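Presented below are the structures under discussion, each in the form of structure tokens.
Both complexes shown next keep subunit A, but they swap its partner, so subunit B is in the first and subunit C is in the second.
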Partner chain A sequence: MPAKEALSVLIAEDGAVDRLLLAQIVRKQGHRVFTVENGEQAVKLFVEQRPQLVLMDALMPVMDGFEAARQIKALAGETLVPIIFLTSLNEEEALVRCLEAGGDDFMAKPYSAIILGARIRAMDRLRRLQATVLEQRDQITRHHNHLLNEQRVAKAVFDKVTHSGCLNAPNIRYLQSPYALFNGDLLLAAFTPSGNMHVLLGDFTGHGLPAAVGAMPLAEVFYGMTAKGYGLVEILREMNAKLKRILPVDMFCCALLLNLSFQRQTVEVWSGGMPDGYRLSAEGEMLSCLSSCHLPLGILCAEHFDDSTETLPLQEGERLFLLSDGVADTCNEQDQLFGVDRLGEVLTGNRDVERLFDEVHQALARFGGRPRDDISLLDIRMLEPQCQLAPAVVYSDGLHGAPLEWSLRFELRDQSLKSLNPVPYLLQLLQEIHGLRAVTGALHSVLSELYSNALEHGVLGLDSRLKCDAQGFAQYYHERNRRLSGKVEGCVSIALRVEPHAAGGRLMIEVRDSGAGFDVERVLSSPVKEQAFSGRGLNLVRRLSRDARWLDGGRRACVEFAWEVQA
Partner chain B sequence: MSEHRIDQKVLSDLQEVMEDGYLQLLETFLEDSEHRINQLHGAKDASELGMTAHSFKGSSSNMGAAALAELCRQLEERVRQQPLCGIEDLIHRIDLEYLEVQRFYQGERERVSAG
Partner chain C sequence: MAVESNFSREKNELTIKVRGRFDFGKHQEFRDAYERQSTPTASVVIDLQGATYLDSSALGMLLLLRDHQGGDQSRISVINTSTDVRKILAISNFNKLFEIS
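And then the complex of A and B:
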């Protein structure tokens, strides 16, 4: 009855008769046999020949089978070398000793060739199983290391892309687990040309690389469009369309987008599927929640996608606290969730902003949560309106002598007012003029301000006095969205004229609307403080430009920029 | 009637397994057993006596000498209990039993060598 695979078998037995008989039985079964007469010889032969299986007499002179088994098991390490004790020991205690010394089985005398053959085959199965397990474990370790290395490389590339923004701005504090990206967490921040700050906290479905690949195109859209002066609505639409196009159906991205306007002291918010964010007072009191009211990005097609944002006042020193679902979803040993209430307690209990992230971590540890690597925390503070955070844009092209005498007129009528934001196009055109590049931010602010005044107060007839408190804000923007989604009638026209002037040139901007106009004298003469939220930003426009006037009962704004020729 | 002292099933299995090595096995057993009998009589202490009884028990059971193996088992157990008085009687019974076994296997050896 030859075995499937011949094994090398060591027989350690002091009795000559038993040794002879056993060797013959095992040899007849097709195995290679080594015989020794005591434990010491058994250990020595094991070191030299590494037999795959051992038949070991328990009681032998010089060194007994128990000690030899212990030494052989230690030498074998992780490899399973089955040891079958040969014994006529009848006492339970002796059989226990065989097992404790590392024996895997025993065989009583007199030997039966059939039973011994079956035991050797059974032990061989175990031996192979162990070998397979070890091999697979090593393979898994190799794959794991390979994967970790790939992740390191990928992370370095992702970091370059995703951290190219302004996450290091002084008003942002954030904490991201080192490999959060590979759990689909994404954190982006960038300045708009006018010095506003766009922030995105995203969370892709799934884990690992599939969850991370969507981050690249999303970051590209976010940075590219923010730099060109697009607003949240356009960026959201583009992101949604892009993700919808490239991601498989079961993948999408929960996201919270912010547009922080330091000049207006407001924050514009869109949240799709993210956990509540919190608006906190300078002292850390909770003012309100930023709740998700949309589906995540990448689910709805363009026609059904809801891009409506919410705008809230945010005074200097007030903060927004955002986080990924890893915090509230942290589980403890009893499978309880950390939950929103415990998080709320941490937020209210916080006295020192600097320590908030630590306190969240400590609370998670106290709760007994298993550590997760997909926790992202973000704390953003509103700065004073005059802050100059945005770095000057550096242009790499060598353009000079751009045309200095031209004009254009841009007119938006009725339904086109709903969907087209002309500001980024006009801004890009104006950036061709070297002399204006230094004031790109101011141009973006002024154009945005004039256009939204013309659209919201002019064409849509919204009353800016609504925006006197947080409730009024919500009402104002709700009304704005309602009117925009209905039938829009009217027009806004923007005219730009560029001409040489003195040693440089100047730009005249004229924005007209078909609305009812406003009492220019009254608004301009009211105290600056009162204008802060509701003053149509007229003060801002005046501050940023060389000259600004409102004519035709407020229906026409004329603003002028000028520049000197640079050496 | 020494053949009754040997388990015939064990005996036929031995011949089948050992094939050409059967004669060598018989010689080894006779030689080894002679040596064990001498050890039983010359043992200096209980432990040596027990060890010898244990080994003799193993080889005789493998050779189908069940009664001899049983006597060796009794001796192995007996030496663990002091005092050892009366143990000579047990050793004497082993001597007698072995003589029968020896006679059988010597006959078996002659049969095979002649064969």
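And then the complex of A and C:
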């Protein structure tokens, strides 16, 4: 009866009669046969011919079957070359020795052709199984290496994108597990034209490449719009709309966005789905929590998206501590979560800011948590108002030519005051003028300041004296949002006039509002208190521009910038 | 079965019970539970009495269900939530999309 698949079989047997008999039986079953007379020849033949199966007599001259089996097994390595011992030995101990030397089976003399055939087939099955397992293992290894390589490439690309920002600014400390990105964590920071700092800590649902893929457009929107002078609200709306459009329904991005204003010593916050962040005093005392009040990005359509932010005072030296859910969600062996309380203990126990991240890690280790590779920690410190962190903005366009003479008037009425922030549009127009590029930051600050004064004090009638302390501050912004979401009546008009002359040019900005105005003399003459939150706007505008005046009882602001043509 | 569903003809309401960890491992079972209905039911109740934990992919599954049920027009309540589960739902503000108790 021929076997389905012919094998090459080595027969090592010192007895000439047995050798011939065996060879005949095996050949009849359709296999190819090699015969040798002792262990040494068996090893030699194995090296030369690589037979697939071995029938090995236990006791032979020169080298016995036990030693030959050991050597053949060593030579075969991971490939299974089944060895069936042929033995007249009957003692248990001898049979055990056969198996211990690497034998897979044994057969007692005298030989039965039927049983030998069945054993060879059984061994062949094992041999094939082993070969399949090895092949699949190698395939998995290849795929795995391929995947790792793809991740390395994606990470390198992504690192370039994320690090085009300002994560290396002196007031930021962060720690991200090396492959956190592939668990969907995202950390971005960039300066606005006016020197504010925008920060985003995000966490995509899902893992691996899909999460990283979603992160790319998010980073693009964040950096692009921040550089153009858009505020958090516009950036949030754009990010949400973009993610909603491109992500599948079950994917979204939890995110916490910050706008740090060093000049105003405030931070504007929006959080959707992120764990609480912490506002800490310079000494590390917990002042308040930044809690998530919104749904994550990419879930709601534009009309239902809630872009309301919260503005908090943040004094020089005070800090924000943010983290991804990997920390509180770390599990120990009893399936307990590390939780927010244990994290709170670490924060209160911290004495040295420099060691805070280490202490969080140590606490996780003490807790016995299984290490997770998706932990992001971020610590941001408020700097003094005069700090000059933002680098000069680099323009990639190839605009040339002298500015033309032009003017425009932009008027926003009633309901349109709710939704449109004209500052980025105007700023973009003004950036066309080379001579003004060096002062883009100042222009952004001045336009933002004048516009928010006109809107908040003028049209909405908010009293800036409310902002005298931290509590009044929160109340002010609460009231601002409340009035903006109600019926808005009034108008703000912004006029720009650009006049070139031989040696440069000048820009006149005029911002008018329909409000009640204010006592210009009194406000301008009151002393500038460094710690006060209110009354900063006018002083800032005066400091940054060449000339600033308030006319018509405070309803009209006229501000002038000038530039000189560079040789 | 870790995901069990029950349809009430009278109320035209589907109740889906999830036991144990509600995470990506339940993805197929959870989808099957509501896609088995030939047309979306008037309302869906997710009973999390036996659920110990809920991760972000479970939140994603809830969003898929909401989409299937007609998005903003859907009526979905999540009941019998444990403190831990409620906390997770609260951080993501899912109470704005689902009725949670």
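Please note the rule applied: the second predicted complex is superposed on the first by the 500 of 567 C-alpha atoms of A that agree within 3 Å, B and C clash if a C-alpha of one lies under 4 Å from a C-alpha of the other, contacts with A are read in each partner's own complex, and residues count from 1 in each chain.
Just so we're on the same page, a residue touches a chain if its C-beta (ideal position, glycine included) is under 8 Å from a C-beta of that chain, and two chains touch if they have at least 3 such contacts.
Everything numeric in this text was worked out from a predicted model, so none of it was measured.
Asker: A:554 contacts which: subunit B (first), subunit C (second), both, neither?
Answerer: In the superposition, A:554 touches no partner, neither subunit B nor subunit C.
Asker: Which partner does A:435 reach: the first (subunit B), the second (subunit C), both, or neither?
Answerer: Touch partners of A:435: none, neither subunit B nor subunit C.
Asker: A:515 in the overlay: touching subunit B, subunit C, both, or neither? Say first, second, both or neither.
Answerer: Once the two structures are laid over each other on A, A:515 reaches no partner at all.
Asker: What is the contact status of A:424 with respect to subunit B (first) and subunit C (second): first, second, both, or neither?
Answerer: It touches nothing on subunit B or subunit C.
Asker: Can A:272 be said to touch subunit B (first), subunit C (second), both, or neither?
Answerer: Touch partner of A:272: subunit C, not subunit B.
Asker: Would you tell me the residues on subunit A in contact with subunit B in one complex that are also in contact with subunit C in the other?
Answerer: On subunit A, no residue contacts both subunit B in one structure and subunit C in the other.
Asker: Quick check on the complex: what are the subunit A residues that touch subunit B?
Answerer: Its residues touching subunit B are 14-18, 20-21, 24-25, 28, 59, 61, 88, 90, 109-113.
Asker: Tell me, which parts of subunit A touch subunit C in their complex?
Answerer: Going by the criterion above, the answer is residues 203, 205-206, 249-252, 254, 272-275, 292-296, 299, 304, 337.
Asker: Going by the contact rule at the top, pick out the subunit C residues touching subunit A in the complex.
Answerer: Per the stated touch rule, the residues are 56-57, 59-61, 63-64, 67, 72, 84, 91-94, 96-97.
Asker: Per the contact definition, I'd like the list of subunit B residues that touch subunit A in the complex.
Answerer: Interface residues on the subunit B side: 10, 13-14, 17-18, 21, 24-25, 28-29, 31-32, 51, 54-55, 57-59, 61-64, 73.
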